[in-house]
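For reference, chains read A, B, C, D and E in written order, and residue numbers begin at 1 within each chain.
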Amino acid sequence: MTETSITLTLNGKKKTLRVRPNELLLNVLRDRLFLTGAKYGCGIGECGACTVLIDGRPALACLTLAVAIDGKEVVTVEGLARGDELDPLQEAFLDHGAVQCGFCTPGMIMTARSLLDENPSPSEEEVREYIRGNICRCTGYTSIVSAILSCAQEKEGA
Amino acid sequence: METRQFEVAGRRARRKDGIAKVTGREIYSSDVYLPGMMHAVVLRSPHPHAEIVDVDVSEAERMGAVCLTPFDVPDTVYNERTVSIPEKTYRDRTVLPKKVRHVGEAVLAVAHDTEELAMLALSKVKVQYKELPSALDVKDAMVEARGARLYDTVFLGGECIQVKNNIACERSIAVGDVEDGFRQADITVESEFEAQRMYHAQMETKAAVCAPEPDGGITVWTTTQTIHNVRQLLGQIFSLPLHKVNVKRIALGGAFGSSIQMNSITPICVGLALRAKRPVKLVTSREEDMYDHVKYPVRFWLKFGAKKDGRLVAAHMKALVDIGAHNIQAYPLLGCIAGWFASLYKFQNLLFEGRAVYTNKVPACAMQGYGNPQTNFAVESLMDMLAEELGIDPIQLRLMNYVGVGDEFWGQGPTVRSIIKSCGVEEMLSRGAAMIGWDRRVHPSQKSGDVVRGIGVARGFHTSGTGGPKPGEVIDYSSATIKVNEDGSVDLITPVMDQGGGTWEAAAKVVAEVLKVPLDMVGISPSDTRTTGYDVCTHATRGVYCGVGAVHHVAEQVRQKILEFAARILEQNPRDLSLARNEEIGQAVIYPTGLPDRYITLGEVAKTAQIKSWGTIAATDSYRQKNCPPCFVTHFVEVEVEKRTGRVRIVRAALLGDCGTPINPDMVKGQLIGGLCRGLAFALLEETAYDSNTGRLVCGGYLTDYKLPTACEMPAIDDIMVGFANTYEPSGPLGAKGIGEAALNSAASAIVNAIYNATGIRFKKLPVTPERVLEALREGVAR
Amino acid sequence: MYKMRYAAPRTLTEALRLLGEEREGVYVVAGSTNVLPDLRAKKIRPSLLLSIEKLGELKGIHADGDVVTVGALTTINELLASRDIELNAGILHQAAQRFADPLVRNRATIGGNLANASPAADSAVPLLALDAVLDICSARGEREVPLSSFFTGPGKTVLERDELIRAVRFPSDSENQKAFIKFGLREAMAISLVSVGVELRIQKDEVAYARVAFGAVAPTPMRGFRTEEFLVGKKLTAEVLDEARQVASREVRPISDVRATESYRRHISGVLLGRAIKMALGGGMS
Amino acid sequence: MTEGYAIELTVNGRQVSAEVRADETLLEFLRTQLRIIDAKSGCGKGDCGTCTVLLDGLPVKSCIVLAASADGKDVKTLSGMQNEPLVKALQESFVTHGAVQCGFCTPGMILTAASYLNEHKNPSRDDIRRALSGNLCRCTGYKKIVDATQAVARRNE
Amino acid sequence: MNAQNQTNTRLLLPEFEYLRPETKAEALHFLDQHRDKNVHILAGGTDLIVKMKTGALSPRYLVNVKDIKELSGVRQINGALHIGAVTTLAALLRLPAIRSGYSALYEALRSMAAPAVRNMATVGGNLCNGSPAADTAPALMVLGTVCTLSSVAGERRLKLCDFFLGPGRTALLPGEMLTELLVDGVRPDSGSSFLKIGRVSADIAKVNIAVYLERDGDRVADCRVAVGSVAPTPLLLDSVVSFLKGSTMSRQVLSEAGRMVEDAIAPITDARSTAEYRKAISRILAEEAMQAAWVRSGGEVPR
């Protein structure tokens, strides 16, 4: 198969890669760039473990062709913290015991990040709706929802 | 509350592996990449039952692939799970059986430079099968005349035994005289119950990476709950001395029992690596994983006999387990089911008859509870039925009969017993009743409308490990190494795996507590089978009680050494010294008792020991717990049933846990709530259905049609109330017991009891899907 | 941001075109044994690395009659392996044996070694002694330059920016007597302190023809014209040799550096010359 | 637009296509892009030989070879030659003769020795010493390395 | 599961060519060029890639139209919505006009999968996938959506209700592509609603249903009812419509209409639900959806 050169912004850095059309973003991130934060959980968009941000919105790396992200901006969980300074969500996940086995955590945090970017003060219901594509088998979600809510701003007048 | 006497244990702290996990930097087996690594894929059987007549991998090899077929792996017969003593262990499998016994069973494997090349090579492999009659239904399977015969013989310990009617093993256990018991009974209730095949759905699919070492040995990273048992099995299968088999302890993306045995892919990966002389990585796809393991499905027949006053006098349970294609420790399972049954209530006289049967389906293995949630569903359902017959409040009936302090408890079947020393059953039943508002509970007959609510209770327990005063049939001990570094910080080296529940945190906290060092001065070292003593497995809810129990045992020895070395410096008698935590200077300090100002820091002691060449303050030891204390739980659940659609929603829940001292309170809480979520799945949602013609999973192994609960299925934060019993386990580390499996055991039972209280319909088959609810409601209406 | 490109043309014409176009910052690479250390040391910051490796025209060794032609891309080990060189340019063969080390010899090319114009270039000394001539080409055309006037200073040559060395030519020296001596701090991978090459023809006990070359004793590898002059027509007696040594010591223009002092180099130059002459004559002194 | 230079080559028998920087060394490419780490980085300027690899069969110092110039070529490192009898023999001989101490120079040393013995049937100790003269060893003092190599040479006679 | 068709959802095999047209015209050209060669349009990929991974489809050519500007976005031209076929579900959800005026579509979109999928999936993809359970289908059907099908030959318009031919089968001819959806402007006194039941919150429908009503006082002036997951294609239920039209809204009318929906469908039993259950709840959902639409059209809650 023919290789194409794609250029993307990955965690803030320009990156040029040669990819074949059948290569999936998830596999390029993991197998070629060794960014293993995004996980394979189901391969068909049912679990959210591979969630990354593409142009600022959550997307599933397991269903995204690498050729198709030419010119786009990709942020993985590795790109979330600024240096040693964790993202508030990462802090919150630690403080609320929202992490058990941790395998869903990267995808969960990326989804939560985009929720708060879209809607800085979501209700508990809105949080649950928003993360319903991210499966966690350990926690029962409660601690995760609390962690996310703890990062939400007070609603005006609330 | 007793936990107040502790400075570290019982307090919330960020888990040590937390930063790595939230930044995506934690490395799981599936994240291991080695130079020159090959990637492997497995060819799996399309047939439920067939002989492999011939395989042709020549074309794949021409493409540069390395192949492993049933004809070139060692044919050592083993049981992938090590738990019982050898003479009680059945063995029926090899790495790549020459006869496949379920759809999706591994036939052969192919490795190449990339997973893609491996897949392409795999598509060129030709396999010739001779299809055999298959048994997909457990009842059919027991009639050999119908043609299916999975095994002619298997091994029990050293001896080769016949398999008849596909019955893998049976166990019959009696206490007292059950006939006589039923004769004394004023009232009896009986019923059948059925718990489905449920898939673990741990987030990380099975993964293994094997690096062949230049000295002929192997290094293995794999999804497992027990690095030492994997090591021993690999050594046995590939005839390697154990010092050349190194299994690394590595983060595990959930397991829930699915990695309690050596994963089926692990020896395949090793076989390929040894053949290729290159590192090989093998990660299963989700669909492969769903064809690899499943929870034990059990059909029960259960009968209780009781006096009018509610006192139980007899119980008789028959359990039929459909274990699928391999016997992954079904014998101890039957013993455990008997134990889970016998230890919930004082039946006086009981009889248990258990039978495990082979079918041509995915092999069943432990899943959080090892038969306990299934058993609990039957027992707690029948207790409610009995309560109704007797007109006694379900809580009263339970209080009247529960097994508690001073009673004998079966921790892992009839041979692992100890006397209960701590019990929060009464406290939890009364506190839980208040939390959920039990007094609001009314009989279903008094409810009307399209949407009805109901409250249910169920109590459960699990063992904390499988220790005991007598060795019994089950292996259980753990090991630990603790050393004090020259600056007063501490290295903890443990073989115990942590599935994410917080076992390692507990271990670190216990060290900090005993040695009086600040928690952040305790490091949990990476470890592997070469650097640690034996630990059987992170199963049986033994991580904290047994694994950390060993850590506690060793910490005490280190404490003594600290005092002895300090005594030399302070020129005192060790007995006259005190060890204390000094948060300002962030060190443990030692001083003559009563003279806190004359302290020296642990760092100074360790440094002096180095300079004066006294040696390192360290200890290594193994330790077996002499008990198997039950960790009790009580689930109160309120459900809402939409009668028009049959949909059931959990609206409120009170989860009570008795884990002795909760060393990591927020993690215990996390376990209880996680247990509720999987209990919901077990009770209402999940089942791996099979196509009765093809023997394939109806969902094809894809999560599209095997639905897991999402955040939206769980009750709101404020509607989940969690409470800990105020107990202290004298035999446990800092008074702690386990919690892990218990957290699930009575969840489903409570939900089903709540559905009954809402609708007046008793569901005896899980999962209780809207389809089943609506059907039942309609029949109810019709009748 | 500093960017560097890489090109590896397959034909000489293409290479010369690129070389002609890229005024500034083009840097020709063959075996790259010098380029990479220089890049890392930031001694050079080219905008284009022009690899001539793929230019078949620049490869190969041809000996026809009394002229030997060596393609600029010929590696030192290829020189060593060449029977033609051993027979017709023994001094070059000897020098090649002492060149760097076996691994570097697999990459380093003769053209590169000359173009790099190190005062200590091990191949330059024997080639000077061989009276070699360079074939130089560019998009503008071809020209030839005697090696003796090729070097203009450390790292400096008469090569124009758009020019390439295509080949080295020299007369076959089969009937001459010759010797090459490299004096370094160790047996292999050493940069010469001093190296000397001599070619002599003796007729009727007298020096009829003399070529003397020195390495590492001047800003460039140098011919020892004065020493040659002194030797020609003389009978090589012990006294003459003594004097020749002194002529040589005076003629060389070494400096002091990390490897040796000026006076030491002067002294050694004379000593080596003597030894070289003796070696060349197979110790057969009259 | 990319500054990378696309190359296709064979590394240890497998086809590789990649993009490299103009100034990327073959060693850097092998170690960072392909994660082949038996070629070591000892000096970075061709002085020590720990980075020795075979380029089209010839031993070279990969730290002074441009990755780009390996385009279309065949690259072998020690780990890619595990199955070659001569290499195996040398590896065993190095171990039995105690020619391995810290081991950092060993891969390059064995590669150089192997490619030399392939060409030369019964070399003298001096020949061997000269052949290995591009590979530095700080531990052994070379004697045992020469012994080990010579032992194999003898066996090959 | 045999060597030839064993799936591996961890990767895609190199069995197709990837084409990335810059413009609609170029896309149509590619479709025409490869019309007989198993060419598939790639938009969001959330259905296509899954089908490729699970072996349900193995295209030879993928034409990625996701980034073609002229095919995405929504324009409002004198009231009517012109929806580009590759507009993502998320983009539609964010559109105030849809939230306020097209409840059925809004509710359908909200019920679908999860944000990550909605960011990738396109409305055209959801329809062209031809799934009987496609959630946007019943909603857009009752809203009287007309689709524009384009090819190199030109354009043709087709009612969405005539678009579906069977599971995975649509009216698209070889070389044709769905390029735009045209939804009428919101009429006064109208309302719509969408309801769905799945196994969990993010799921394929066991049954989904959409209702559109126009109210004239207490009478139903006009209406449309569509159901999904109960037949080989999403269905418009004309029987129900003819019954409701003109009738005066009441509880009885609602339950009668609900019963008619139940009678009108012949669903199957599959991995997601049983035929019986589907019939039973389609009635419930129909009643609730009709009532919701009625109330939104300004009607009183029927009693």
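One rule holds for everything that comes next: contacts are C-beta pairs under 8 Å (C-beta built on N, C-alpha and C of every residue); 3 or more make two chains touch, one makes a residue touch a chain.
Just so you know, these numbers come straight off a predicted model, no measurement behind them.
S.K.: Along touching chains only, what is the step distance from chain C to chain E?
M.R.: So the least number of steps between the two chains is 3.
S.K.: Need the most distant chain from chain C, centre defined as the mean of C-alpha atoms.
M.R.: E
S.K.: Which two chains have the most contacts between them?
M.R.: Highest contact count among chain pairs: A-B.
S.K.: Find the most central chain, measuring centrality by the gap between its CA centroid and the centroid of all protein CA atoms shown.
M.R.: Here the chain at the core of the arrangement is A.
S.K.: Determine the centre-to-centre distance between chain B and chain C, using the mean Cα coordinates as centres, and give it in whole Å.
M.R.: 76
S.K.: How big is the gap, in whole Å, between where the Cα atoms of chain C centre and where those of chain D centre?
M.R.: Each chain's C-alpha centroid was found; their separation is 28 Å.
S.K.: If you average the Cα atoms of chain D and of chain E to get two centres, how far apart are those centres in Å?
M.R.: About 63 Å, centre to centre.
S.K.: Using Cα averages as centroids, what's the distance between chain B and chain D in whole Å?
M.R.: Taking the mean C-alpha position of each chain, the two centres sit 50 Å apart.
S.K.: Can you tell me which residues of chain E touch two or more of the remaining chains?
M.R.: If we look for residues of chain E contacting two or more partner chains, we find 9-11, 13-14, 50, 54, 200-202.
S.K.: Where does chain D touch two or more other chains at once, residue-wise?
M.R.: Answer for chain D, listing residues that touch two or more other chains: there are none.
S.K.: Considering every pair of chains, which are in touch?
M.R.: A-B, A-D, A-E, B-D, B-E, C-D
S.K.: Mind listing the chain B positions that touch chain A in their complex?
M.R.: Residues of chain B touching chain A: 12, 14-15, 17-28, 30-31, 33, 114-116, 201-205, 251-256, 283, 285-286, 499-502, 666-667, 669-670, 673-678, 702-704, 708, 710-712, 714, 716-717, 720.
S.K.: Of all residues in chain E, which touch chain A in the complex?
M.R.: 9-18, 20, 42, 45-46, 49-50, 53-54, 62, 64, 66-67, 90, 113-117, 119-120, 200-202
S.K.: Touching residues of chain D toward chain A in the complex: what are they?
M.R.: 1-2, 4, 6, 17-19
S.K.: For the complex, give me every residue of chain A touching chain B.
M.R.: Residues 22, 27, 30-31, 34-44, 46-47, 49, 76-78, 80-81, 86, 90, 93-97, 99-106, 109, 124, 127-129, 131-146, 149 of chain A touch chain B in their complex.
S.K.: Any idea which chain A residues touch chain E in the complex?
M.R.: Within the complex, chain A contacts chain E at residues 1-2, 4, 20-24, 27, 40, 42-45, 48, 51, 54, 57-60, 62-65, 67-68, 111, 114-115, 128-134.
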